[in-house]
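Right after this note come the structures.
What follows is a pair of complexes built around chain A, which joins chain B in one and chain C in the other.
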Partner chain A sequence: MGTAGSEPRGPRGVRVTQEDVRRLCEFLYRRTGMLFDDNKRYYIDRRLVERIDATKSGSFPAYFALLRSDADHEIEQLINAFTVNETYFNREEHQLRCMTSDLLGNVIRGKRPGESIRIWSIPCSSGEEPYSIAIWLMENWRLVDSYNIEIVGSDIDTRALKAAGEGVYGARALMRLSRDVIGRYFQPVADGEHRIDPGLRESIQFTRANLIDSSEMARYRGFDIVFCRNVLIYFDDSSRRIAAENLYDCLAAGGYICLGHSETMSRISPLFRVCRFSDAIVYQRPESDHDGR
Partner chain B sequence: MPFVKRDVTARPPAGGRPADDAVHADLAPHLTALGSPDIEVRWSAARALGGRTDAVPALTTALGVEQVARVREAIMTALMRVGDEASVVALLPYLRSQDAAERGASIEALQALPGAMLPFMAPLLADGDSDVRLLATELARNMPAEDATQLLCRLLEHEQHPNVCAAAIDVLAEVGTRDAVPALEACAERFAGTPFLPFAVSIAIARISDTDR
Partner chain C sequence: MTDVEQAAPPSRRRILVVDDSALVRLYYRDALERAGFEVEQAINGIEAMEKVLAQPFDLAIVDVNMPRMDGFSFLRTLRRNATDVATLPALVITTEAGEQDLDTARAAGANFYLVKPVSQQDLVRHAAALSGAPT
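After this line comes the complex of A and B, so read on.
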């Protein structure tokens, strides 16, 4: 039951109760896989009240109805309020470690030196992730020169792609990189910003792609590893199913897909096999229809 | 640099497969491909037919004979993308499947179609099979609160199976309105000898009452 006296109120005097928050958390978990427990109560209350105020809903019931109908893309707004939207180099580093310690070893089993390894970052936002993948491979994979590695970064947002192509980043984006690495792969430009090494910048192809557009996605095939982080949580159930099938087609047989930390493909689609490695859980397109099904 | 760059956008789709873009494509080749002995061809055909109303009869037939789980999944997604009453009719029989994965897949597809599902809900919730009634309560979860409340309250008034009641109560706790309180209270009274149900009802009423101010 609610205890109105201690609960946050928005500028319009909106209050939320414990039961409101539980209802919201169950909905969010079912809808997105994001899990919030009681020790984050104050954090949730604050953001929930902010969204109720921002949408002028006036009360939790009215806001919850808005959220459930996903009018005005409110689910996206709410998720944004609950998540860290900024991206930076080497975000979710454990997946990059997993790539070099486990995934690539399996990928090259079926390849000869000199053959291609294809890696896709979608959505790639302003390029931090594909560049991180390239730098990580240069720094951490001893076989990096033995294969032709193709890295593609795609996003639906053409402004983000333009920024990715320019490759200029501020200090916050580089905060996880050592000074040595920054020195090797970036050049300082004005106002404390750094520009990615031109050779690296020219090595990565940036393209526009929409995950739920099957005809557009048909151009992308044969990827060995796909990084697809923190985007499926924004989709509704039917879009997620379509995206999962599109991603399946984009992967080579036996290829891997890395999702964001709050996402699980098994909640979305049975098409993929769960693979637990020491650094990360990733999903694999089975080698055949009799493999893992 | 060990990296190579190719023009991804110039790369044609894999040869020999039907294109995924169904919007401007002819229907006939895809319908034929649904019966191909090649799994990849059937998979691509099912994907290409997503959202095509005129393909629903063929997709329905294909779903009835398809043995490969991946292709069955794609056919269900294709029907979901059509999303009309005919596609709901095609998906409904799989709620009765003995295969849990198949039941799950049909539930997920049908949940994405709350508008088209609505006319089918009352008969489903009155079905002679308690498993079907239980799954139907889950289908109400994505419906507008007023519709879900009305449907589930009607179920609770007569439902004899405690597990079906529990499933309905769980959905009402999330999406129900205050109008559900009388039906919930009556259910708790009727199942007083089954302690978990009055407990579940008390939680649902607390949430509904507290929220629906």
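After this line comes the complex of A and C, so read on.
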């Protein structure tokens, strides 16, 4: 791990020690459930030094006092600095295929045409995933106009949510989309970037949500399908369990949750039923609670 | 070239799509624009009425279930209007497939009635026929 000599310094020469980082990580863990261990130390040091510089705190103790008082929403700023937001359209396409080939068929079994189908992307980062879901449905689900499809994108990072609302993407984010799809759902803007169609923007609701805050999560209920990819890996066992239980409560009975390809719910919580479809393994809240907990 | 593009009328007919779902409006608009139509949108009957009184259209595509003013109420209001807009062709799209719903749509003044799901190809075909677009 980093020695004093290799610890990063900001432009103002601010230096952080291992003890400073430990206190910060403990604070972040209490507030967000995100656990940063030693192998992410360099990453943490850099972000921390950046925040100390940005707030002109001058030292870790001064910064930490500012953080705890939450002056100028520094907690939010720090969380924003610590979350990784790089993603792209149609990432994990097999799950989108699974949604239209298997999940939705089961979801509509208990619904009449015209009723709502609720889909949640959490964390939604800068919007690539919820927009991908909407485009995928229009391109691949012949019943797309028969139900009232509500897509919600949520993230803890308000900077990412702002970007999602603006909906401007570079070539890297769009690399998996065909030219035809880009031409139909985006408008070119400066520097080779593309802005999402206003109609598509309007069809997604973006909100801030913290997966381990049960009272905040109580606002979200009745989702038929939840995409929750590559976030549980940031949590330790107990936060992961809290997040899983919160997600369980957010799902409608019989609703599904899709995790990232390296994640598995089975080791986190016994509440969910494992469903193996040809395109993906997903987890289901049982139709009746007696089947689960 | 897709089926939607093959059905493209050569002239720019103007269509008003009335649906409370942004996703459905986009799904219909995408098909119609690719087929060469010019598309305006409204989120309910009230907004649709304001638009037809302010701009010329060749066809209204109208969902039935909408908040504030539903598709049937919009059509009744439209047909009672004292100006030319009263004769605007209207294609009603609904989730209800019953005999009675068809009668209600006819009585409200619908020229044609489609039950969801409506494919983009079918939408364009009926839009072309009802708007009088040359084929």
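In the analysis below, the second predicted complex is superposed on the first by the 205 of 293 C-alpha atoms of A that agree within 3 Å, B and C clash if a C-alpha of one lies under 4 Å from a C-alpha of the other, contacts with A are read in each partner's own complex, and residues count from 1 in each chain.
One rule holds for everything that comes next: a residue touches a chain if its C-beta (ideal position, glycine included) is under 8 Å from a C-beta of that chain, and two chains touch if they have at least 3 such contacts.
Computed from a predicted structure; not experimentally measured.
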Touching A:R184 in the superposition: chain B (first), chain C (second), both, neither? second
Which partner does A:M265 reach: the first (chain B), the second (chain C), both, or neither? neither
Please indicate which partner A:G199 is in contact with in the superposed arrangement: first for chain B, second for chain C, both, or neither. both
Touch test for A:R23: chain B only (first), chain C only (second), both, or neither? first
Of the two partner chains, chain B (first) and chain C (second), which one does A:S214 touch, if any: first, second, both, or neither? first
Per residue count on chain A, the busier partner among chain B and chain C is B
With the two structures laid over each other on chain A, which partner does A:A134 touch: chain B (first), chain C (second), both, or neither? both
Considering only the touch criterion stated at the top, classify A:R142 as touching first (chain B), second (chain C), both, or neither. second
A:D236 contacts which: chain B (first), chain C (second), both, neither? first
On chain A, the footprints of chain B and chain C overlap at residues 134, 137-138, 144-146, 148-149, 151, 199-200, 202-203
Footprint of chain A on chain B - complex, ascending: 1-9, 11-14, 19-23, 39, 47, 50, 68-70, 73-74, 77, 80-81, 83, 101, 105, 108-109, 111-112, 141-142, 144-145, 173-175, 206-207, 210-213
Contacts from chain A onto chain B in the complex sit at residues 1-2, 17-20, 22-23, 26-27, 30, 59-61, 64-65, 68-69, 116, 134, 137-138, 144-152, 199-200, 202-205, 207, 214-215, 217-221, 236-238, 241-242, 245, 248-249, 269-271, 289, 293
For the complex, which residues does chain C have touching chain A? 21-30, 34, 41, 65, 93, 95-96, 116-119
What residues on chain A touch chain C, complex-wise? 112-114, 134, 137-138, 142-146, 148-149, 151, 184-185, 197, 199-200, 202-203
